[in-house]
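I'd like to ask you about the structure that follows.
By written order: A, B, C and D. Residues from 1 in each chain.
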Amino acid sequence: MAENKEKIPKYLVRFHGRGGQGAVTAAQLCSMAFDGPATCMPTFGAERMGSPVASFARMSKDYNQVRTNEQVYSPQYSCILDDTLLEDVDCTAGMVPGGYLIVNTCKPYEEIREIIEKNNPPEINVALIDATTIALEYLGRNITNTLILGALVKVAPQIFTLDELITAIADQFNPKIAQKNMDAIKTVPDATKIYPCDDKVKISFEKDYKKEWSHIGLGKLGAAELDKAGVWFTDVIDGGSARVNTGSWGVSYATFHPEYCIQCGNCVFICPDLCIEREFRDNKWQIVGVDEFHCKGCENCVYVCPGKKDKETGEKHKALTMVMKC
Amino acid sequence: MAENKEKIPKYLVRFHGRGGQGAVTAAQLCSMAFDGPATCMPTFGAERMGSPVASFARMSKDYNQVRTNEQVYSPQYSCILDDTLLEDVDCTAGMVPGGYLIVNTCKPYEEIREIIEKNNPPEINVALIDATTIALEYLGRNITNTLILGALVKVAPQIFTLDELITAIADQFNPKIAQKNMDAIKTVPDATKIYPCDDKVKISFEKDYKKEWSHIGLGKLGAAELDKAGVWFTDVIDGGSARVNTGSWGVSYATFHPEYCIQCGNCVFICPDLCIEREFRDNKWQIVGVDEFHCKGCENCVYVCPGKKDKETGEKHKALTMVMKC
Amino acid sequence: MSVQPMNPFFKEIKKPVELTMTGNYAVAGAVSQTDPDVICAFPITPQTQSVEGLSDVVNHGKLKAAFVNVESELAACAFSTAACAAGARTFIATASQGLLLMAECLPMAPGWRVPLTMMISARAFNSPNLSIWNSWEFTLLSGMGWNTIVSENVQETYDAAIIASKISEDSLFPTQFVHDGFIISHSAQKFFAIPDEDVLKYTPRKPRHHINTDKTGTWGGIVTPDYFGEGRLALELEKNKVLPIMDNAFKEFKKMTGRSYHSIETYNLDCSSKTVFLTMGSMCGNILTWMEHNKDVGLIKLRTWRPFPTEQLRKIIEENNIEKIIILEKDDDLSGILPPVGQSVASALFGINVVLRSLIVGLGGRDVTKDEIEYAAKKMKPITDNRGKLYDYLGVRETKDKMWEVRF
Amino acid sequence: MSVQPMNPFFKEIKKPVELTMTGNYAVAGAVSQTDPDVICAFPITPQTQSVEGLSDVVNHGKLKAAFVNVESELAACAFSTAACAAGARTFIATASQGLLLMAECLPMAPGWRVPLTMMISARAFNSPNLSIWNSWEFTLLSGMGWNTIVSENVQETYDAAIIASKISEDSLFPTQFVHDGFIISHSAQKFFAIPDEDVLKYTPRKPRHHINTDKTGTWGGIVTPDYFGEGRLALELEKNKVLPIMDNAFKEFKKMTGRSYHSIETYNLDCSSKTVFLTMGSMCGNILTWMEHNKDVGLIKLRTWRPFPTEQLRKIIEENNIEKIIILEKDDDLSGILPPVGQSVASALFGINVVLRSLIVGLGGRDVTKDEIEYAAKKMKPITDNRGKLYDYLGVRETKDKMWEVRF
């Protein structure tokens, strides 16, 4: 490909999050905050609450640079809303050398580095921020998309400024939510710690680092290998979700306290993931625990649990409560 | 078109009848009775009991002559199952000079000739038979299709013989009906009277007399004249059946006897053509007569009429009875 | 009923026999001979008698099959596809708006490789007006992945019902066989019926993948962008095998009956004008009778409409040095390009030096006569290139008293 | 909901304003500005937010329209066609199997000259597998007689919603406007919104024939073979006027907004290789960004898919001496001939001396990247004739570790 030295820079940002964490909105806020042509899009996976999702923003003062509707394969900035994703997904894939990996985490840098090294990333900078703690304090919920954008502003102020970001937030959210986010975002620059790479590595805003056919899913069955088109026999493909560790998706999971359970069964019926475990004892089905491998932490079971009074204190306790992972 | 003198003859027969009179079956019996390649087809009109229909048979020992699936536009033989059709339809259209018009009628030749002359037919022979009388006697119903074929055998024995026709009838009908038809058909040759044309006119079994574009319906609205495609506004086209003289379709019509009517209304609801006339008298709707312009003679009203005892004789009489037209 | 149309098929047919029946009843007879397990269709003019005829044979007891009534064509297609996927030999039939109502379900059978067999009594669809008569609605939905063969007359549609069943099961793609509504469906013609035993030998039941509880799987389940294209390519690769499978079915049919069929049949291609008509279905008969007196044009008769016999057609045109093709088709599509058959032929012959025009005739049951054929041949004589509009309507009124004049 | 996507359209837009919205929400905004009387659609991914967005605007009170919920796409199409025939400005939207389920109803609106406007978020149909992602299902039903325009990005689909409404009412044919599902429907992009007053001036309500009790008539009633063909020719003659009507709609749109649209748009046709890509929709953006670094090929972007701009395309190819055309299309049809876009182009260009190949890409949401574009351009270089197969699949796996190699 011919290199054009006079090129106007284009900024490519990727967000990794879980369904419900606002990765798509983060990309959209980029597009709004940037002063010039910009597009953004989600990856086109089936989005379920808690499942891994990614989204992209592509920005440049030169419209022709961002006219493409491709997804982003070689971002300069990769922003991770949930550090558990680092284990499941290669969040550094295709990254431009000298770019930034920005992670919401309470873990130390060394631990994060160790995880990402498994994927042999290019030479990149890392920025860490414990956005979850800020979010829980200011927003009351673990929604960290605006905060991770604050960290992006810190490492890449040339894309858009904090003021531009705040204006975008004011446009996008209803006033009450917007105000909370704007208050929280101001704490971000101080809370973001940068771990730079070798400063001889110069970041490029023009070159394309996409590996050829990297979007094709090589390694999965090809046309000549499908048994009968459209029919996936279970001896060829594992069906069902038994092996998918959806329990790793949430920040919390439900735990069971048998002493407060009246065996009403409300939790069994409300759980969207069939995580309430039962056993056939004394001639009837009895609730005995929670399947933590699949519990995504939706809290529905907690809401419907009527609970039971403690015999000693007389206080009412629920038989299901949430436990934070971190 | 190149004339081929060695041509194997092809026989083209057209039947005109009303829905229910068996014109389609007549054509099919031709096809079956003929010893060689043959096809037959109905005109593709919406067939309602009593509405004018036509059907065609095409027969030749040379398959290529009858491979076409066109309708028949220049028959050598035109067979009319119901003489009321002669007024509505040009039954001689496209006929081959020297061909035969075969009519089921009780009218004299002169009257028939006068009717068909209106359409300026070519020089043709006419054969008349009162098939309705024979049908009512042998079959108990006015179904004259097999009888008209008997007349066809009389005027054109070269197409198929009476024996071949009888075999076809035996194949096509259930045994009881077949036997009645076979009995009836034997009386036909004697009952058929032929009125020949100028014997210098030689019938052709090769030439095609179809007038160019005669199947296109010239005289009806064309593409450039339709108001909005698919929408027939009532100021352009007369909607409804008010002007269609369906009363001419049957051999009989219903007539009303007020003295035997108990005003039960059964006839009003059963009539498929809304022919039972009512008036609003003495504060209620009362049955007053029959719309003869539209009555097709189905007799349904007669069947459902409970009738009333005659005051003098004590005998029960129906308020609706059928009157024959001929 | 005094007339018993299905009578010949109530008892075993032991040797070839000549019958006179309408196209629909002949199909009903042929289908009954292939011993289907399930018959499921919703009645619609002009298809109705095919299914009525089958109900007679089932009612009579000769055919042991589930005759399933449903509430619509969409339900008929869904039920039939599922029944066939479960292993049943299944027959379905429709026409016109009924075919359109099946559209949501039509892609599944090819996708899942379900060997369903469907009769279509081709009929106009409702635009601008309702018409119960013949047009080629089936060309509108040609991209669904069904095999499609078209018949000229009653003999061919009787034979096609049997051949289609074999093609479906040999190729594991569903097959439609089409005849012109009313013109063939309601026309009584003489034809030869095949002995029951021969039909059963010609259409043996073969083991195939089907829904069952021993080998479980998901049929047509959701796939991410990682797999969909691969699934389509897999279908395409299998679809490429269908034309040879059809050739073989025709060859075996000839062995059994002596009647010779091909995906493309040609007549009089060494004619002086190097001009040929190209069409399908009942009109081929009309043209062939006309050609008895007009020896200077030829005819290319397409029996196989899908998969389109591209390579065969190219070969025929090139080897015979055909200079001009006059397509006659009973469909149009208001698209500003050639109508459906024209589009397929232009795609197949793109880059070949041949002059092509397409004439839209016989819509909504308008008869196609020697007048149209003669006009088309005459109109084509001075044409020597592919400039201007390549199609027009023929055989319609412009105004009350004026024929529409073909403009190209 | 903390995010209020339709907020900008809750109040009057008084001057041109830059917004960032997804394709679907932008369409909802645009449609609300055209002041429809009736909105009736059944939700289906990826079309859903377009109708949800409109329900927000109706619920908010800014738009006074009947928002009608129905039980299926077939019902939605039937209800919308009838509402529009009764005189209401009517909007409908669908995708994929939803469009197929409408098939039975789709021919009526063109037949009755009902100016319905429909958004399609293009999506694969379910064969062999269910996919909620992008393919071009709409090309499968191109013969229904609807006008169809395709958009590249959010700005274009916002504008198309407004332009389509005008085209429908000026031509009295229903109009579909299409964007690629997810890629545009769910992509947030910057675009300029037009002041409400300007939109209303651009799409004035004009008197038209409609069902009413003062001038009664029969809509789509049965006709015998004496009239059906004449009705189709009448449609064709009116359809021939649509391309100029579209040109006029584009011209007036430019006057209002400065944004210039055409049925066909071209880029870099005087390139050295005389080779052009030809495609529609979002892929045009991908190719144009790639062309920033690859100046030796051109691009023909089809905005108008139906009626197909045949004469314009012929003129462009001939006047620019184009030698090779690489079609990229997100559809296929297992027919053994070119896929749908290829069929249309081959029909339009039949007899023109140009080399043509069609590549099937991006099925079921597979992204189309510079890899496909580069491969196609490279593969085309040695091709100099139209022999052999003219199409293939590109960007799919043959086996686990091997890309399918294009064979032509």
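Everything below uses one rule, namely that a residue touches a chain if its C-beta (ideal position, glycine included) is under 8 Å from a C-beta of that chain, and two chains touch if they have at least 3 such contacts.
This structure is a prediction, so every number in the text was calculated from the model and none was measured.
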Tell me which chains count as touching both chain B and chain D. C
Interchain centroid distance [CA atoms averaged], chain A/chain B, Å: 80
In angstrom, rounded to a whole number, how far apart do the mean CA points of chain A and chain D lie? 34
Per the C-alpha means, the centres of chain B and chain C lie apart by a whole-Å value of 34
By the touch rule stated above, which residues of chain A touch at least two different other chains? 44, 46, 217, 220-224, 229-231
Touching at least two other chains at once: which residues of chain D meet that condition? 111-112, 127-129, 132-133, 220-222, 224-227, 230-231, 233-235, 365-367, 395-398, 404
Mapping chain-to-chain touches, which pattern fits: line, ring, star, complete or other? other
Which of the chains touch, listed as pairs? A-C, A-D, B-C, B-D, C-D
Residue ranges of chain A in contact with chain C within the complex: 44-46, 217, 220-224, 226-236, 239
Spell out the residues on chain A that touch chain D in their complex, using ranges where they run on. 1-2, 4, 25, 27-28, 31-32, 37-42, 44, 46, 64-71, 73, 172-174, 177, 208, 210, 212-213, 215-225, 229-231
If we count contacts the way the header does, which residues on chain C are in touch with chain D in the complex? 74, 97, 100-101, 103-104, 106-108, 110-112, 124-133, 135, 139-145, 220-236, 239-240, 243, 306-310, 331-338, 340, 342-344, 346-352, 355-356, 360, 362-367, 385-387, 390, 393, 395-398, 404
Considering only the defined contacts, which chain C positions touch chain B in the complex? 2-4, 20, 127-129, 132-134, 152-154, 180, 182-184, 186-190, 282-283, 285-286, 288-290, 292-294, 365-371, 395-404
Spell out the part of chain C that touches chain A in their complex, as residue ranges. 111-113, 172, 209, 215-222, 224-227, 230-231, 233-235, 237-238
